[in-house]
Structures are given as structure tokens and as C-alpha cells.
Amino acid sequence: MILSALLAGILILVVLGLAGAIDAVRAPGGAPRGAAGQGAWLYAAAASITGVSALLSLASLAAPPETLVLPLGLPWIGWHFRLDALSAFFLFVVDLGAASASVFAIGYGRARHGGHADEPGRVLPFYPVFLAGLGLVVLADDAFSFLFAWELMSLASWALVLVRHRDPESVRAGTVYLLMAVLSGFLLLLCFGLLAGPAGSYGFAAMRAAHPAAATVALALVLALLGTGAKAGLVPLHAWLPLAHPAAPSHVSALMSGVMTKVAVYAFLRIAFDLIGPPSAWSGLVVLAVGGLTAVLGVLYALMQHDLKRLLAYHTVENIGIIFIGIGLAMVFRAGGEGAAAALALTAALFHVFNHAVFKSLLFFGSGAVEAATGERDMECQGGLIHRMRTTSFCFLIGCAAISALPPLNGFVSEWLTFQAILLGPALPDWGPKLLIPADGALLALAAALAAACFVKAFGITFLGRPRSAAAAVAAETDRLALAPMLLLSGLCLFAGVFPGAVIDALAPVSRALVGATMPVQGLLPWHSPPGVPLGAIVPVAAARSSYDGLAILLLIGAVTTLAALGARRLASHALRRAPAWDCGFPDQSPATQYTAQSFAEPIRRTFGPLVFGVASTIRVPPPGSTAPARIEHVLHDRLWEIFYAPPAALVRRLADALNPLQFLTIRRYLAFVFAALVLLLLVLALTP
Amino acid sequence: MGFSFDIAHLLAGLMVLTSLLLLYQDRIGALLNVLRLHGLVLALALAWQAHLQSASDLFLAATIALVVKALVIPGALERLVERLAIHRLIETVGGIGPTMLGGIALVALSLRVMLPITAAADAVSRQDIALALSVVLIGLLIMVTRRNAVGQVAGFLSLDNGIDLAAGGARGMPLVVELSVAVSVLIAFIVIGIFLFRIRERFDTVDLAALEEFRGERR
Amino acid sequence: MIALGALIAVLAVPLGGAALLALLADYRLTARLNILFSLVAFLFSLSFLFRRPPPGPLFMIDDLNVVFIVLNTFVGFTTSLFSAGYIGHELETGRLTPATLRFYHAMYQLMLFGMNLALVAANIGVMWAAVELATLSTVMMVGIYRTHEAIEAAWKYFILGSVGIALALFGTILVYLAARPVVGEGNAGMIWTVLLAHARGFDPALLDTAFVFLLLGYGTKVGLVPMHAWLPDAHAEGPTPISAVLSGLLLNVALYALLRFKILLAACPGAIAPGPLMVALGLVSALLAAFMLYRRRDIKRLFAYSSIEQMGIIVFAFGMAGPLGNLAGLLQMAMHSLTKSAIFFSVGHVAQAKGTQRMEEMGGLTESHPLLGWTLVAGVVAIAGLPPFGIFTSEFLVVSSSFARVPLLAAAVVLALLVAFGALFVRLGGIAFGPVRGEVGPVRASSFPIFAHLLLVLAAGLWLPPPLISWFRHAAALLG
Amino acid sequence: MIRATLIQALQMALVLLLAPGLVGLVRAVKARLMRRRGPPVIQPYRALRRLLAKEAVIADNASWLFRTAPYLILALTWAAASVVPTFSTDLAFARLGDLIVITALLGAARFLLALAGLDIGTSFGGIGASREVFFASFAEPAMLMIVVTLAILAGSTELTSIAAFMLSPAAGLRVSAALALVSLVIVALAENGRIPVDNPATHLELTMVHEAMVLEYSARHLAMIELAAALQLLLMISVIACIFFPFGLGSGVLLGLAAWLAKLGAAGVLLGIFEVSIAKMRVFRVPELIGGALMLGLLGTLLLYVSRGL
């Protein structure tokens, strides 16, 4: 019942896409049609559908699985759908992001430099289809409809990446993106082909029932990791992500970063935990290693960015790494028969999935608001926005704190849970996990610390300090409808951080379905909270081992802050005077003397540079007597791009060049080819007995 | 069998021999003469088959071969050479010696390919097919090794003669006449095409760059 | 009887049409008549879906070729629609004259006749002749612009095609020779049904040799590497309707011939398996064409190479055989016909609007010509095998079914698809997006054919009616 | 329950009260070792009082964040300090969080401080914030490796449980614990901005970190930050004491109190001696130092495997 309602919602989304196309056709050439709010009706409709859908999926989280077959696609396969705990959870994440992005889009469209206000015709037809694709992937229950939805999702988002198509970078980003997306589709296709076997049983139910050989399982897992990793942004398959995500309008970037990468995580979970039988420990270790590397490299690259949205996109890479660390741990623990630990690790990963969807959407909305206000994505042109965009800056700060894993917000809880799972690693009997898991813990901690550094930079350079450009100096707060979802998501960041038990208990059905065990019941809600456990407290394993109480921490901080403030009010002078900045007595009025995004990250670049980045520095010192300033320039180039992307591209180019003369031969030579082929085939005939 | 087989065999063998002769020629005049011979031998072979199979339509085919392939087309080619003032010497690729060796290797190949044919197939067709295959292959070889339109047409013609030979040797094959007419039309088209479009060296040029000017990509 | 009448009509209408159009001078009238004849042929062919004539010595219609015939007449019809708008513009720019148009229309119908005949012929000799007829008529049309390039292309097409035809003829004779000891002399040795019924007793060595010649001969028309060289230039230099017909139809007709012989070979136990040969040629074609896509500068040549790539995949699928492989091949073939002709329709409009076929001089089409630009995007998306279009379905079947059997081959196919994909989308990015470049001429021609094709492909991607599938399955079963 | 609440309240009051004294002690020790008379131990209290009494001057473009940050920073540090067992493990807030939570609370305080440093838009604030987060990004993984070692050793990340384990005979003498101690000391030095990482006594020097960030603060705001810094120092010392020298923790409040005060005094003296005998490092050498701590932590984990015979 719920499943049909959800599918009906998706169908309406597709119809909305068509309506959007018609709307776009009526305003030919994508020219603005009077009011800036074109398409508001569409976004409103999308928001209500996805909102209802989010609630429905939340409600069916603990319900028994529902299935449905539609007579579409290939007749003997059909389109199978299934709503179980895993899909319900991910659908909730998807629809939560989608609903808030849709509401944001209405306000975003009204704003001054709104990302799509100038080209609504290029957004409206594809946006609802993108949402539909996201939802369909999660609900699909056979390889065909899964890949159909998967590619549809990629395709629609590709079109959205190309909204600013006049920018050649956008077009390039779109091409790289779609190529990687298609690569991921093909890898998954191969994976499903393996799992389906020669008989071609593409239904997930059949794959679940089958017991493939160990080699098949291993190959399928590798393919699944590569295929979903290419979509999720696992290093080194991530290179498209920081190109494509920022290029789209901000509400779409939010969806791509916050939601679409989660759908890839979903795909991996579905394949690795559900379709393939119990994996071996080594596969979990591979996932673990890849996750750790992804987390650290993602954040290091993020630190080097000064385009706000690109920074956020690289952070998505980092967070995907964290999620995959959790997943890898769950795989290792499950293979080792540690059900409770596997449940902990998996819950941590899923928790982080939810968290990242929330705060990454929030941050992208914030960046969209900034872009709409100043017309610039470059952080070096911002500054001081906290004075003019108060609500935006507050929400963005919440998002920054959450993504930096600061208590009492949600990001901390999931990372803390991941740490707790990591701390259970040394108890495993094998040497591989024993050594790798603590190392991964160090990587995770490094990533978390660097993330904090990065978001100090992101928030500090963008919102604090003095305006670095004229546009930033006159920026105005963004539209109210754009603010509403930001406030909502900020509230969710706080809620999930303060009542983590509620989230953990809600995830229990998912964890039971995937690893056959759950975490201990936490104080989900007051009415079935076990006696003696405080409301906000979570106990991952045992109370004596570790515990965390988000609500109490919040209350404590609140109380102590009030105490400090009251104390100061009582004891201290109330006098306050505004004056020019002190700056050690040398106040300089030029905002250019402020720390920039690049200079902020300079120490980290210098330290990690030799390892990770290729940096070409040029120093230009003017000749003696010249008053021109000396300049130092760093050009960062991505080592991973050079290792993993450039050679294949160069190979294709070389082959294309080498083969190209075949177009310009004489007829005689072409005849010679035919002749050679004939003789060759005859020789084959003559020589084969 | 006996005598009738021997004659058929002889004529088919002659076809291969003439094909090799064609391969050997590097002067247009001689080439065209050999081509005439080729057509003539084909006509004879077809006629002999017609006699053997007492198939009247094969006589027609033989006549067509005689008229079109031994007379009209070589004649037309000769006119072409005069009108377009084509160089009398045909530039070949790879030299005559290796080409001849290649031709002989092709004969060997076609025999090897056709050897496994079961004895159930009658001896005439077994021989004919093997030799016809050689003629076809040598025809292609001629096309590939001649840098000159006329040389290539000659190659194509001899290839076609090989096919006719095979068709004639296929006892009771229907539509032989129609097919041979169709192929003759094809060749006529080629010749007319050369006339019409003044394609002198379009088959080939020594200078690749000159040719590329005509390719759409380099416009 | 009715069915036989329909069959004769499918052949007679284009033939009569060709004769009539050759006589009429008014190009407006002839263009309309061209549409009319094509439509009538299409409608008649539709009747085969419900009622088929019994197989006779001359003609036969079975599950396999009915797919081809309906597709053929349909694309023939839509292309004639497109052509009517297209030639108007060509007349204006003076590239064509009313006199050449008369010739053009007559040739168009003649070509349709040739293809229809090749598809319904029960006799392998007739089929061969019909393919030759279709080839020659397209050669004429490729050269119709009389530019150096067009003549060059037509000439190349002609020569390579002739050699291919000759090889196919030799192969046909060999098949007859193989059949003769078993089925006796005379016509019976060239009739499909008879051949197939007795294939068990044929001499395998002869059939093997025959298949090599047929594969190379008809493979030339299919556009298989290394016999493909005519294809890009013929597509690029001829009028666009002809490019659409070449890619959408002629390649299929040649493929159909090839498939027939494949069935025959499969029925003879001692003969070599045709599968590996086709798989190898298909893969080589797909890979080479994929790499060739990168350096193309002419938009029509680009899509011509894409046709080679697609035909490679299709031949690969048929080579892999099995119920899924054959089904995938048939589906892919049908989808490719529809999609590629739709692409050529859009490309034709684009080239006319821009006044050039050079891709460097095109840009921002989605902005300057939104409808055209987006249909082109949709076409490329479809041809690249992305949902919601039908090629996704067939490529899904090709890759997944072959991967389960021979993983490495499937990996090679995926490589080819990816490489081609990259090239197509790099190009598409420049043509359809980015700042507007080049002339911005108006497009007046109807976009109905484009939409009709794309909608069909879209519908096939979403939903394949069970009757259609069972029909395809029968055909696939015929292919073994 | 009531007892725990009382002890908790006492501890929270004590840490706040003792923290400036600890700073004063360290300064006094350093001054003596440098043969200066130096200020008295209670000098920090005086400074705080004076700061509180003054009129606050803030920059024209200071935001609300700049004004609220000091209170939050103090609160976060204080909250972290309330979880650490100082003189008794019977704390009402003991289950609020474990060692990781404490680290994270301090991280949150640092996050705010760095933001406050950037708020005015001066180059000093920027340099301080940049370096602060730079050091922290090494210190945190090192801290986590210590946690891993302890978790393997004691089977818990809760400080009370760890302390209980360390008091039990099962603890014994372990190399890995010693490595963890060294590592933790380095981390503590870095986190508190002590020599050799930062020099809390310097001003207007390009190497300064903490002082550069708080340059724009004055009066009561500065007082909060100074107090928070002192509190953090006390907190880290208490953590070290609680983990590695848990003597007196389980044996009554009074004894525990006495032991804690003794430990604080000893630590203050040791810190003073250490700071006098070593020079400040170049900024870009610091990662090597803290990276060393990280390596020690890893080594500790490895050695633990060995000692456990795994």
C-alpha cells in the first residue's frame, strides 16, 4: 500500500518533469519569463510529494517488506519494487533532502543572483525527473529497473550540471561526470550480470536466493565497490565529483552531494549485504582501507579549495570515506561473527548517511544563499556576511559545527559511534583487521580534525572578517523560503545530536535486516525508554565501556554558559565600547590584508603537499627599483588525476590519433584490408582441421 | 567423366593461368589483351559447361561473357586509356616477383581450403570451385596491387570472371544468366563512372595529401 | 490471398512509384507522392503483423524478416516525410535542382523496393540481386550533390560495395553448390526453406568457405571493420535523408542477409560455428569505430562511425547468440534504426540551420534552436544507451548476458561502449551546449519524424509489449 | 545520587577556582628557575579581577559570534572538565561522555576560538586561527591513538573505568602505557599551547598562536578566554593524572582531594621546569613533534598486541 503510494508519487514527479518541459517550451530559449519565481509551482509540488513520501517511508521503516511488480521494461523481468527497512531508510534520506531542496529552490529562484533564475527552462524539466530517479533506485528490486533508475538519475543530474552551459568548465564537468556515471553503471551491470548467472535471473529475490561461488562473490564485490564508488566518490574514482557538484544550481548540488552519493552507498549496502552472501573479511578490509584513504584525501583536497561549493563537494568525498569506514567495519565484524559490533559499525555508517545528507544539504543551501547574495562562489570575494546574512550565517555555522563533528550536534555522534566500532576492532582474532582498523581510526581522527580546520576556514573566510569585494559589502539576506529549509535542517542537526538514541533505534530494523543484529535499545523516546537510562544517552556496547549523552551535554553547556554569562554580568563591568580594530596597534584598513582562504590552508598545504598534491609554485620578484608587488602563485594539481585519469585519457587520445589515418586511406588500401581479411579467414579455415 | 572432365579442368586451369598472367602484366596494352583472353577462356569454359549440362541458358551466359567481358569492356577500357591519356605503365605495389609468389600462394590456399570437400561432391565442381576461388583471390590481389584505375577494373573483371566460372560449374544453378547480367551491369557502371567523373587516379594517388583534400574531414 | 496481395503491394508500390516519380517533374508533387507511396507500403507491411502469406518459392515472410520489413517501411515512410522538408531547403540553397530531385525521388522508391525485395525474397539469388539494387540506388544518391567530396564518397562506396557484392555472390554460389548434392539441381537449391530443411546433409567445408565470403560480402554493407571504409563518407557526403536510410535500413538489410546464412550454418552440424567470427568482427568494429569517433570534425561522419560501432555491438550480440543474445541483437537493431535515423534527421536540420556540417562551427544549439538541440541531445542520449530509451534495454541484455558467459568479451564491449560514449558526449557538449557559435538560421522543416522515432524508442525503453517480445523471441529462436 | 551530585558540584567549583592558581604556579616556578622573582602565584586571579572590572572595547565590525564565543569557550571547557574524575570517580556526569567526548568538547572550544580569531578580519587573527587548527589536526589523531591504546588495555574509553582498571592489579607496568603517557603529554602541551609548541608568554611575535587569536579581546571577554585556557591546562593535567596516576581516586573524597592537589602541584612544577629547559619550535617543526606523538600512539597499540601475546 505504502509502496504503491510512493511509486505514485514518483510517477507524479515524472509528470511534473514533463510539465516543467512544457513550461520551459512556453518560455523559449530559456529566457526569463517576467517573474523571477518561474517554476515555483513545480517546486512546491515536488516539495509536497517528497515531503509526504519522506513521512511515509519513515512510517514504514519498521514495517515488514512490501513488494510490487509493474509490467514495464522487459516483459519477463518486469519492474520489481520492494520497500524494506533499508530502502525505507534511504528513501527517507532522499526525500528529506529532496523536500528541503525543493522548498529552498523556490526562495533561491527569487533571489538576486539565483543560480537558475536566468535559466529555469534548463532546470525545471530535469529536476523532478532527477528526484524520481533517486527514489526509484532505492525502491528497485531487480537489476534492470535498478540500473534504469540509476542511469536516469545520472542523466537528469547531468542535464542539471549543464545549466550554466556557457561556461566551458561546466560542460567539461558534465562530460566527465556523465562518463564516470556511465562507467559506474556498466560496472554495476557487470556485477549484476555475474550475480544473475547465465540464466539471466535479474530479480534481486533470485540473486538473494542464489549461492554463487567464492570467486564470483569476490569479483562481484569488487565490481560493486568500483561501481558504487564511482558514483559515491571513493578515491580515486572521485575526480568528477568536485567538478560536477558545484556546477549545478545549489539546490541540485545539495541533492547531488547530500543525497545522490547516499544512493550510491545504498547500492553498495544492498549488493554487499543483501544480494551477495556473507562476505569474507578481506573484502571488508579493502572497503576499510579505501574508506580511510578517501576520508583523508577528500578533506585534504577540500582544504585547498577556495570555491565554496567545490570545497563542500570535496568534503562529500571525505564523508563518503567515513561512511565506507563504517561499512567496512561492519563487513569485517560480520565476517568475524561479531554481530553486535557489526550492528554498531553499520548503525554508525547509516547514522552518518543521515547526518551527512542533512548537513551537506544545509551547507549547500547556505552556499547557494551566499552565491545568490554576492554572485560569487569564490570565498576570496566574500567576508563579513555574518552581519548582513544573519540567519544564513547562523545556519551555516550549525552546519559547519555539525560536519566538523562537534558535540552536541549530530556529526559528532556518528563519528563517535564509528570510533566506538573501531575500538572494538583489536578484539578480532585476525591480524589484518587488528592492524588496519586502528590505523583507520587514526585516519578518521585526522580527517575529522582536518575537517574542523576546513570549516573554520569555510565559515571564517566567507562569513567573518571584512568584506573582500563590493558585492559582499552590500549583500542582503536571502529569501525567507530559502531560509526555512536551512532552519529545519539546522534543527535536525541539533535533534539528531541531542537525541541520538532515537535515530539509533529507528535504524535497528535496517541493521537487523543487513547484519542480523542490532545495537542495544537506546532511550528512543520517553515512553519506551528503559528505566535508568537518561533521555539523550546512548550506550553502544555496554555502559561501563563508553556512553554519550547528547541531551545532558547540551543542557550542561547551556547551563554553564548561562552561569558564566550571569557570573560575568554580576561580577564584571557592563561597559562596552566599539572602536577600530586593535590589530596590535597597526590597524590596516585594506581588507586585502586579511587572511585568505589560501593562506589559511597554507601550513597544511606545506605539510601534506609533498605527499598528496603536486604544487607548482612560481615566485615573481620585480626587478630592483620597480614598485610592482612581488607575487607568489601556487598551482595545485591533482596527483590522483595524473595517476588514474590522465593516462587512460592520453591512451584513448593516442589510440584515436593512431587510428585516425584510417579515415584517409586510398580505396586501394581499403580493398587491401578486405583482401587481407578474406585471406586471413580462409587461412583460418584452411588451418583449422 | 574422362574427356569431358579433362576439358573442363583444362579450361578452368587456363583461367587460373591467365589470371596469373594478368598479375604479371605491368603494361596497359598487354594487360587488356590478357583480359580479353581471360574473358575468352571464361566464355569457352561456360560453353563447355553448357554443353556438358545441356543447359541452354548457360550458352547465353557464355555469349554474354564473350561479348561483354572479352570484347566490350576491354575495348571500352582501351578507349578510356586513350581518351584520358593514362600512363601506359601501370604502377604496381610490391613488385611483380613477390606479387606472383603471392598469387601462387593464393592458388595453394584455395586448393587447401577446398580439399576437405567430401568426395560426395562431384569432381567437376570440386575442381572448378577450387580454381574459381583462385581466380577470385588473384583478382582481388590485382585490385590491391595496381595503383591505376584501369588495372583495378581489370582486377575486378577477372574476379568477376572467377565468380562466373563458379556459377557455370555449379550444375543446375538457376539465375546464372541473370546474375551474370547483373554483374556485367555493375562493371559497366564502373567503367561509365570512370568516364563520367574523370576519375583518373581517384583509385589511388601517390601523394596522400593531395587526396585528402577531397575528404570531407579536411575541408 | 489478402496477405499475398499485401506482399505484392509492398513490392509493387515502390517499384511503380519509382517509375512514376521518374516521369513527373514537379518536385512538390513528387515529394508528396514519395511520402504517399512510402506510407502505403508501410501500411501494407503492417498487415503482415496479423496475417502472413504462406512461404512460397519466391517470397516468404517469417518471424525474422517481418521485424525487418515493418521497420524498413516505417523508417522509409518517416524519412520520406523528413526528406520533403529537407529538399525544400536544399533547393533554396541551390545544392539540388528540380531535375536532380526527380531522379532523387525515383531512386528513393527504387531503393525501398530493393530493400523490401531483399527482405521478403525466398531465393538467395534474388536476395543478392535485391541488395545490389538497393546499393546501386543509394550510390546514385550519395553522389547526388556532385561535389568532389560527394563523388569521391560515392565512388568509394561503389567500389567497395561492388567488391563486397561480388564476394557475396561467390558465397551464394558456394551455398548452392553445397546444397546441390542434397536437394538436387535447380531452383530448390536456392530457396531458404528448402535449404534450411536439408542443411544437415550439406558439405560443411563448402558451407564454411561460403560463410567466409558471405560474411565479408554482406559484412561490407553492414559496415563491419575492415570493410567499413565506404560508410562514413557515404553518410557524410550524401543528402541527409539518405544518411538516415543508410544507417537505419541498408545496414539492417545486409545484416538480415547475414543472419539468414548464420541460421543455415547453425543448422549444419559439421560447419564452423559462425558465432566466434561474428563476435570477433563485431568487437573489432565496435572498438575501432569508438576510437575513430574522437577525431571527427564532420557531424554526419561522427554519427556514421557511431553506426559502425552500433552495428559492431549488434553483430556481437548475434554472434553470442543464445535466446538472450539474439533477442538483444534484434532489439538493438530495431532501436538503432529508429534512433540513428532520428539523429540524422536532427543533424540534417542542424546542418541546414548552420550551413555547415563542421562541428567546430556549431555550438549552443540548445540555446539557439532549443527544440532541435534538445532532440539531438535526446538522440545522442538514446544512442549512447542511456535510459529511458530502448537501447539501454538491449545493451543491458547484451552486456549482462555475455558477461555471465564470457566475462572478458563483455568487458571488451563495455570498453568500446565507454570509449564511444566519451567521444559522443565530448562532441555533444560542444555542439548542443556552450556559447552559441556559427550561423543561426531558422529551421522550418517538420520535426514530426524525429519525435515519432524518439517517442517509439522511449516507449520501447519503458515498456515492450508482450506480443512484441514474443514475436522477437520467435525470431530469436529462429536464429538459434 | 545526591552524593554524586554534590561531588560533581564541588569538582566543578574547584576546577574553576584552582585553574588560575595552577597557571600562577607554573609561572612562579619558571620565574624562580630563571632567577627572577616573578609574580606571586595568585597573580592570575588578580588579572582576572582586573579584566572583569574593565570596560570592554571591541572592534567596530565584531559580530555576535565574537561576543558570545568567550562564554561558550569557557562553558565547553568547563563542561569537559566536569566529566574528568579529578578527586573522585563518583561523579554525576561521569556517563555524559568518554575521553573522545572530552576531546571533542575541547575541539569545539577551539573551533569557536579560531572563528573568533577570524571575525575581526585582521591578519593576526588569521595567522593564529590558521596555526591553531593546523596543530590540532595533528594532535587529534594522536589523541585518538592514545584512546585506542587505552581502550585495548582497559576495555573502555570512560575515564572512570580506565581509572578503575589502572588502579586494579591487572594494570601492571606496561611499555605501551608509558608510550601513551609520553604521547599524551605531547598532545597536552600542543593543545594548551605550551612551549615548545607555542609560548603563552609571548606577544607580537610571528610564531604566536593562541595569543594572536585573542588579540582583539579585552576586559570580561578576555577574562573568560584566559580562564578557559587555564581550565584547559588543569583539565589535561587531571586527565593525565586520572589515567596514569590514579592514586587516591578510589579512596574517599578527602584523600582523593589531597592526592589531586598534590598531583596538580607536581605537574605544575614539572611543567615549569620543562618549559624553562626547552626552546620553542619553529611552526613547521611542530607537526613532526605531534606526528611523533601519533607514531608513539601507534607503536603503543602494536606493543600492546605483542604484550598480550596476540
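Lettered A, B, C and D in written order, each chain numbered from 1.
Rule of thumb we're sticking to: a contact is a pair of C-beta atoms (placed from the backbone, for glycine too) under 8 Å apart; a residue touches a chain by one contact, two chains touch by 3 or more.
Small disclaimer: the values here were computed from a predicted structure and weren't measured.
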Fewest touching-chain hops separating chain A from chain D: 1
Chains in simultaneous contact with chain B and chain D: A
Greatest separation from chain D - chain, by CA centre: B
Contact pairs, highest-scoring chain pair: A-D
Chain A and chain B, separation of their C-alpha mean positions in angstrom: 68
CA centroid of chain B to CA centroid of chain C, Å: 31
Geometric centre distance via CA averages, chain D-chain C, whole Å: 77
Chain A and chain C, separation of their C-alpha mean positions in angstrom: 43
Chain A residues counted as touching two or more neighbouring chains: 663, 667, 671, 674, 678, 682, 685
Two or more partner chains touched - positions in chain B: 113, 140, 143, 152, 202-203, 215, 217
Chain D residues counted as touching two or more neighbouring chains: none
Chains grouped in pairs wherever the two touch, ordered by label: A-B, A-C, A-D, B-C
Chain C-facing residues of chain A, complex: 25, 28-30, 71-76, 121-122, 143-144, 147-149, 151-152, 154-155, 162, 165-166, 168, 170-172, 174-175, 178-179, 182-183, 186, 189-190, 192-194, 196-198, 200, 202, 652-653, 655-657, 659-660, 662-663, 665, 667, 670-671, 673-674, 676-678, 681-682, 685, 688
Chain A to chain D touching residues, read off their complex: 383-384, 386-387, 397, 401, 404-407, 412, 416, 419-420, 422-423, 426, 434-435, 438-439, 441-446, 448-450, 452-453, 455-457, 459-461, 464-466, 534, 537, 543-549, 552-553, 556-557, 560-561, 563-565, 568, 571-573, 575-584, 587-588, 591, 593-595, 599-604, 606-607
Interfacial residue positions of chain C with respect to chain B in the complex: 123, 125-126, 128-129, 132, 136, 148-149, 151-153, 155, 158-159, 162-163, 165-167, 169-170, 173-174, 176-177, 180-181, 184-187, 189-190, 203, 205-206, 209, 233, 236-237, 296-298, 301, 357-358
List of chain A residues in touch with chain B within their complex: 663-664, 666-668, 671-672, 674-675, 678-679, 682-683, 685-686
Footprint of chain A on chain B - complex, ascending: 93, 106, 109-110, 112-113, 137, 140-141, 143-144, 146-147, 152, 202-205, 208, 211-212, 215, 217-218
